[in-house]
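Dumping the structure here so I can ask a few things about it.
The first chain written gets the first letter, and so on, giving A, B, C and D; residue counts start at 1 in each chain.
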Amino acid sequence: MIGPEQYPAVMIVVPLLAAFAINLAGLIDRRFCYPLLLLALGVAAAAALAVLGQVMRDGPISYRLGGWPPPMGIEYVVDHLNGLVLVVTCVVAFLAAVYSKRSVERELPDKIPYFYTLFILAVTGLLGMTITGDAFNLYVLMEITALTNYALIAAGRADRAPMASFTYIIIGTIGASFYLLGVGHLYIMTGSLNMADLRTILPELYTTHAVIASFIILLLGLWIKMAFFPLHGWLPNAYTHAPTATGCLIAPLVTKVSVYIMARLMFSVYSPEFSYRVFGPAEPVVWMAVAAIVAGSLMALAQKDFKKMLTYLIVAEVGYMVGGLWLANRYGITGAVLHIVNDALMTLCLFFTAGIVVYKMKGHAFTDLRGLFRKMPLTMAAFTVGALSMIGVPPTAGFFSKWYLLLGAIEAGQWGFMAALLFSSLINAVLFFKVIEIAYFEPCGVQHGHDGGQAAAHDVIAVDEAPFSMLAPLVLVSAALLAIGIYSGSLVTNIIQYAVPAGF
Amino acid sequence: METMVSIKPLLAVLVSLAAVAPIAFSGSRPNRREGWTFGAGIIKLALILSMLPTVLAGGEIRYTVAELLPGLAIAFRVDGLGMLFALVASSLWLVTSAYSIGYMRGLKEHSQTRYFAFFAVALSATIGVAFAANLFTLYLFYEMLSLATYPLVTHHQDHEARLAGRRYLAYILGTSIAFVLPAMVIVYQQAGSLDFVRGGFLAGAGLSPALLGLLFFLFVFGFAKAAIMPFHAWLPAAMVAPTPVSALLHAVAVVKVGVFAIFRIVTGVFGPDLLRELGLGQWLAILAAITILVASLIALSQDGLKRRLAFSTIGQLSYIILGAALLSPKGMTGGLVHIGMHAYGKITLFFCAGAIFVATGLKNISDLDGIGKRMPVTMAAFFVGSLSVIGLPPTGGFFSKWYLLQGTLQAEQQVMLFVLLSSSLLNAAYFLPIVYRAFFCPPAECRVHGPLREAPLWCVVPLVVTALCSIGLFFYPDLFRRLAEIGLGL
Amino acid sequence: MEDILARYNYWIYVLLMMIGLYAMIAKNNLYKKVIGMSIFQTAIIVFYVSIAAKEGATIPIIQGAHGAGLVPAIDPAVYVNPLPHVLMLTAIVVGVSTLGVALAVILRIYRQYGTVEEDRILEKLR
Amino acid sequence: MIWQIDLIVLALLVPCAMAAIALKDMMSAAITFGAYSFLMCLLWTEMGAVDVAFTEAAVGAGISTVLFIAAVHHSRRRVAKRRVGRIVFKLLGLSAAGAIGIILLWAASDFPEWASPDIPPSRHLSPYYITKTLEDTAVPNIVTSVLADYRGFDTMFETSVIFAAGMAVAMVLRRRRGREERTGRRVENGFARESPIIQTICRLLAPFMQLFALYVVAHGHHSPGGGFQGGVILGASFILLALAYDLDFVLKRLNEKWTLILANVGVLIYASIGALALLLGGNFLDYSVLSRILPATTPVMARSHGMLGVEIGVAITVMAIMVLIYANIASNGKYDKGL
């Protein structure tokens, strides 16, 4: 009864309706929440895949909400770029949902309905941000995502969680407000809010102060949202002290979606020639990306806490994508888009591992990782795959996006960016082998403290894997990292190369 | 020469990888577990042998697994070089597996299942490097080998192993990421391809000599498994590994992968002509010469048997690199053949060291006085092995060294001739005393007294086999020579 | 006079915006940060509503259309621009939502640290 | 539109804002902020943005202030003496504010002239809405028609934002009874004791407020107001009672469970009207297809009715969430007697 032309709406509406269904079901019996969540996200994922299929078959789709033609009404636009991002978002959210069950039961037993309602609302917001073709609608969904994230983070039982959340509220609001302000500048100059419409009206206004300023303000807002160094201050604490399930949802997705939105603005609201030529400093932005990569890696190196180290790596990875997008050549953009996909999965893999460590060892300091290779061989194997992908060892996915970014850097003559990429690979190698060493050499640290004969400990540790609902998603993701690595060629030739704007 | 497409190379790579799962799951039944290892080894060897005739007939076997990115594929190509290396590695895997059984069980090592599993992975990677059709595939398996050998090197999981493993990865992984990866990307971006072509494909790409020089040395140092100084320090450190690991990986697989990669760079990427006209071969030769002499001198001063062997390995590897650097037909042939010859000789020596350790628990040369009376077979094999490494008849080592010497003359580099000769003397100087002590010195303490007691049979048989092999190679070196010449297109 | 008027609203909104931003960053008391946040947001609303303003136009409700059926001829110049108003209704609602969540989090912080002064909290965390 | 008023009000806004962030007593700061909001209302009415002013009056000046007071009541009222070392933040704040200010002023330097009828926003989209609203939707209040129909999708998510906020507050604050606070000490507050006069008046007032709210919702098509304003006023009527008596007094009439249910039902009404359109073969939120099931309605009238439906949904949710947020903050999550 609902034809395929309606799938774009279904993708958003089903999770939204599910949010209320979950909330109401929670009043009756909280055991209903989890299945509902999975069901809704499953439907959304199916719809997303179907839509991507349509896009690959017959090109970009436009969907008119309320039946009003753009620019009067709000429009959904799905092309190769956000089609891909939508699929990734849905899949990651689904896996995170599957994974969340046990940890939520453990960490937030009396708030399950609230948690899952906010969880799926956050997913709805992310999907809406990705799919919408209307500049203001994007702001509303950005705020939904933000509000839900604040609460999901503040719910953490860690002592620092509320303060981290509050900092996030203040900084996040600044970011969103800047975005709104930028849209306002666009509106006062053009009188339109629809992205495609703006794209057609803007060119003759490119040189006006207001339009250039709007671009600056929008970038600032988005950079705050994506924690682009040095605007990253809110991220590490927020993601470290958030509940496990929250971290697994927002750490892979939020920054990536913001990066996607930056690409959307650069290419579909303004135009590549504006972003790269009219708007002067494309090169300095790449250097900022270099700074982000180097700083992120170094700060990660300084951490004593596993989860916190991962959060700083996210800061570094953001540098990869921003830099790639601003290299202003096909290789760079391809690499950045491919890295959006890969990094979402890598981050998911690593945060899954961290979650399992928290679940089993009741902590996420490095000392909690002792002896895990014997305690949870499968988990650590999957983690190793994720780590290798972060380092960029073929044939894991991480290698190929890095490959494209390196090519782009060389073609653009950005040796600094190339050096930064290699540097961060080396740092990642150091970081992850530090972790692997701890987990591989040191005896199981049930009792904290460095004593305890190692030779003895080899035999006492029994295999004790994480529960299936946590292990299965982790293994799936690590398998996906390998699969995407091997098929990245077809991914690029069939989807991403169409996402790169014409003229590159 | 005809080119045929066949999946055999892929199978040859995957067979040991496929064996990992059954090995891991039959951990509780050691005999069945080792059964899997042998099965995989035999199948692998059979597959490789089945490809031998085609290669000897001057043919090539190609197989493309996946086109990862445009112009960048996981592809296999079996030619003379690859076949030579694959033969050596896969045949010695069987022997080493047998030896491992004796060694590991003799010492009651922990987590042997993990050991055998990763051994299988390492072998897959080695064969993958041997059959790689392009630089990317080679890099892929090179990294795979680095990671697969990490758990083997750090098998003991104690503090020493931890430090050794750290150094191992720092050198191997660090150089490959910091040097090889950027060089590879630049080559791909400039030349648009990474496929090995006999005679090299960079000649026509029109790169500036400066850039070419930079790239060349990025590659040479990047493949740090070749242990060219100053990137050699990982090799002695890695000797904390159980002896079979040192034997196969640090006399055959890992280090030879390094030199093999450099051979590929010389013959397949740059091409002798280009290197000659840029004068890069000269520089590489000098590096190799320095490494040869310094390593031999250091080896003299080592008391730990395995450490002495390690430094001797560093020197011997540079023989091969020198052969490549000479860029003269005989020299390169000699270098390639030396891959095989040195493998058999050196693995024998390592086996002996392990056997002595298993039987008596001794590690240092100074303790070995009179051990020959107690372990005559082992020490006899040791003697043969050292002859081969020194390069004296009747062992295979003589043959390859003979070719290398001729190569130096062919390339009119008399200096290198003297380098080789003097290093032979040094080799003699650090090997023969051991044999002398073993047989003719009176035992210092009572520790090595007592009746004749060899290491377990599982240990002794393999080292006898390899010793005999290196003698046999003196009389029948033609297979390796032919393969080398085919590979070089002579 | 005219040229002042032409920009006056925009100057004021920028001023309010700066006040808000300053408070959000520099103030030590969490409540003050939140007040700054609200001022910041209302400043943007001033900006949008100023965009909507139109000389000699009346509120955006069509006059004389209450009886069903008859549709008078409508001149766009008569009514102010309704679109920014709609957007700003949303913005106001978003603002109060954020305010609510922020206050809730502050109370939670107070529960945990017994203070709402940033520096004291950071001391406690250290 | 009288620019002199504009001038004066704007001039008054700045000191208000400064006072609000400068005052040391949080209560007075909150009140000053309320005044600031009222000035905003004046400004916007004067610029013809009646709906915005209405909402700001109800939300900004009303609810926000109450929430502030409630929150302050549960924590410190006085701003503590600051220790040294904030200078860094001060400089940071100044420089950030300065930089943004410069960029914005630079941008404003070539904005089209304020309030001139032929700036792009007045020429590009808005004429369509103004001229077509009647024949498209038969709703004279253009704001309502744009809000609930042309851009109805925004509004649905706007309602979801409110909903999310409610959930968030409950998630952060709600505690089951009996679990004692970690920091037990309450600050002394100077609130008036319960006085029978106030209570009686509020009791009498509440029904009329609710009646008025319903009128605002129902008449939103023709006059300023609509779901949000009505919902907020409904919520405010309950909050007023809670202030006059105590929280239990309200919770007896509208307990937590029902608040939650209403909050959900409201958005559900909105979303399911949209989904209904989907099922009837139209696009999401395309009310015109509702004419197939509504008896004797043209597609145009169907749009009008659809809007009424969603406005009611909005009102319900907003009311419920306002009560929910107030209840949580006023009782610090314990749902006891509150203030």
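Some observations on this one:
In the analysis below, contacts are C-beta pairs under 8 Å (C-beta built on N, C-alpha and C of every residue); 3 or more make two chains touch, one makes a residue touch a chain.
Computed from a predicted model, the values in this text were never measured in an experiment.
Chains that touch both chain C and chain D are the following: A. When chain centres are taken as C-alpha averages, the shortest distance to the whole-protein C-alpha average belongs to A. One simple way to say how far apart two chains are is to compare their mean CA positions; for chain A and chain B this gives 44 Å.
Centroids of chain B and chain C (each the mean of its C-alpha atoms) stand 72 Å apart. Centre-to-centre spacing of chain A and chain C amounts to 30 Å, using the average Cα coordinate of each chain. Note: centroid distance chain A to chain D, computed from Cα atoms, is 31 Å. Counting partner chains per residue, chain B has no residue touching two or more of them. Among the residues of chain D, those in touch with two or more other chains are 104, 108-109, 111, 119, 121-122, 125-126, 129, 151, 154, 158, 161, 164-165, 168-169, 172. Within chain C, the positions touching two or more other chains are listed as 21, 24, 51, 83-84, 87, 90, 94, 97-98, 101, 104-106, 108, 112-113. Chains touching one another, given as pairs, are A-B, A-C, A-D, C-D. Across the complex, chain D meets chain C through its residues 1, 3, 6-7, 10, 13-14, 17-18, 20-21, 26, 29, 33, 36-37, 40, 43-44, 47-52, 55-56, 59-60, 63-64, 67-68, 71-72, 74-76, 79-80, 82-83, 85-86, 89-90, 92-94, 96-98, 100-101, 104-105, 108-109, 111, 113-117, 119, 121-122, 125-127, 129-131, 133-135, 138, 140-143, 146-147, 151, 154-155, 158, 161-162, 164-166, 168-169, 172-173, 181-183, 185, 222-224, 228, 325, 328-329, 332-333. By the touch criterion given at the top, residues 21, 24, 30, 33, 37, 40-41, 44, 47-48, 51, 83-84, 87, 90-91, 94, 97-98, 101-102, 104-106, 108-109, 112-113, 121, 125 of chain C touch chain A in their complex. Contact residues of chain D toward chain A in the complex are 103-104, 106-112, 119-126, 128-129, 149-154, 156-158, 160-161, 163-165, 167-172, 174, 176, 257, 260-261, 264, 267-268, 271-272, 274-275, 278-279, 282-288. By the touch criterion stated above, chain A contacts chain C in their complex at residues 136, 140, 143, 147, 150-151, 154, 159-160, 162-163, 165-166, 169-170, 173-174, 177, 180-181, 184, 187-188, 193. Listing the residues of chain A that touch chain B in their complex gives 388, 391-395, 400, 403-404, 406-407, 410-411, 418, 422, 425-426, 429, 433, 437, 440-441, 454-455, 458-459, 485-489, 492-493.
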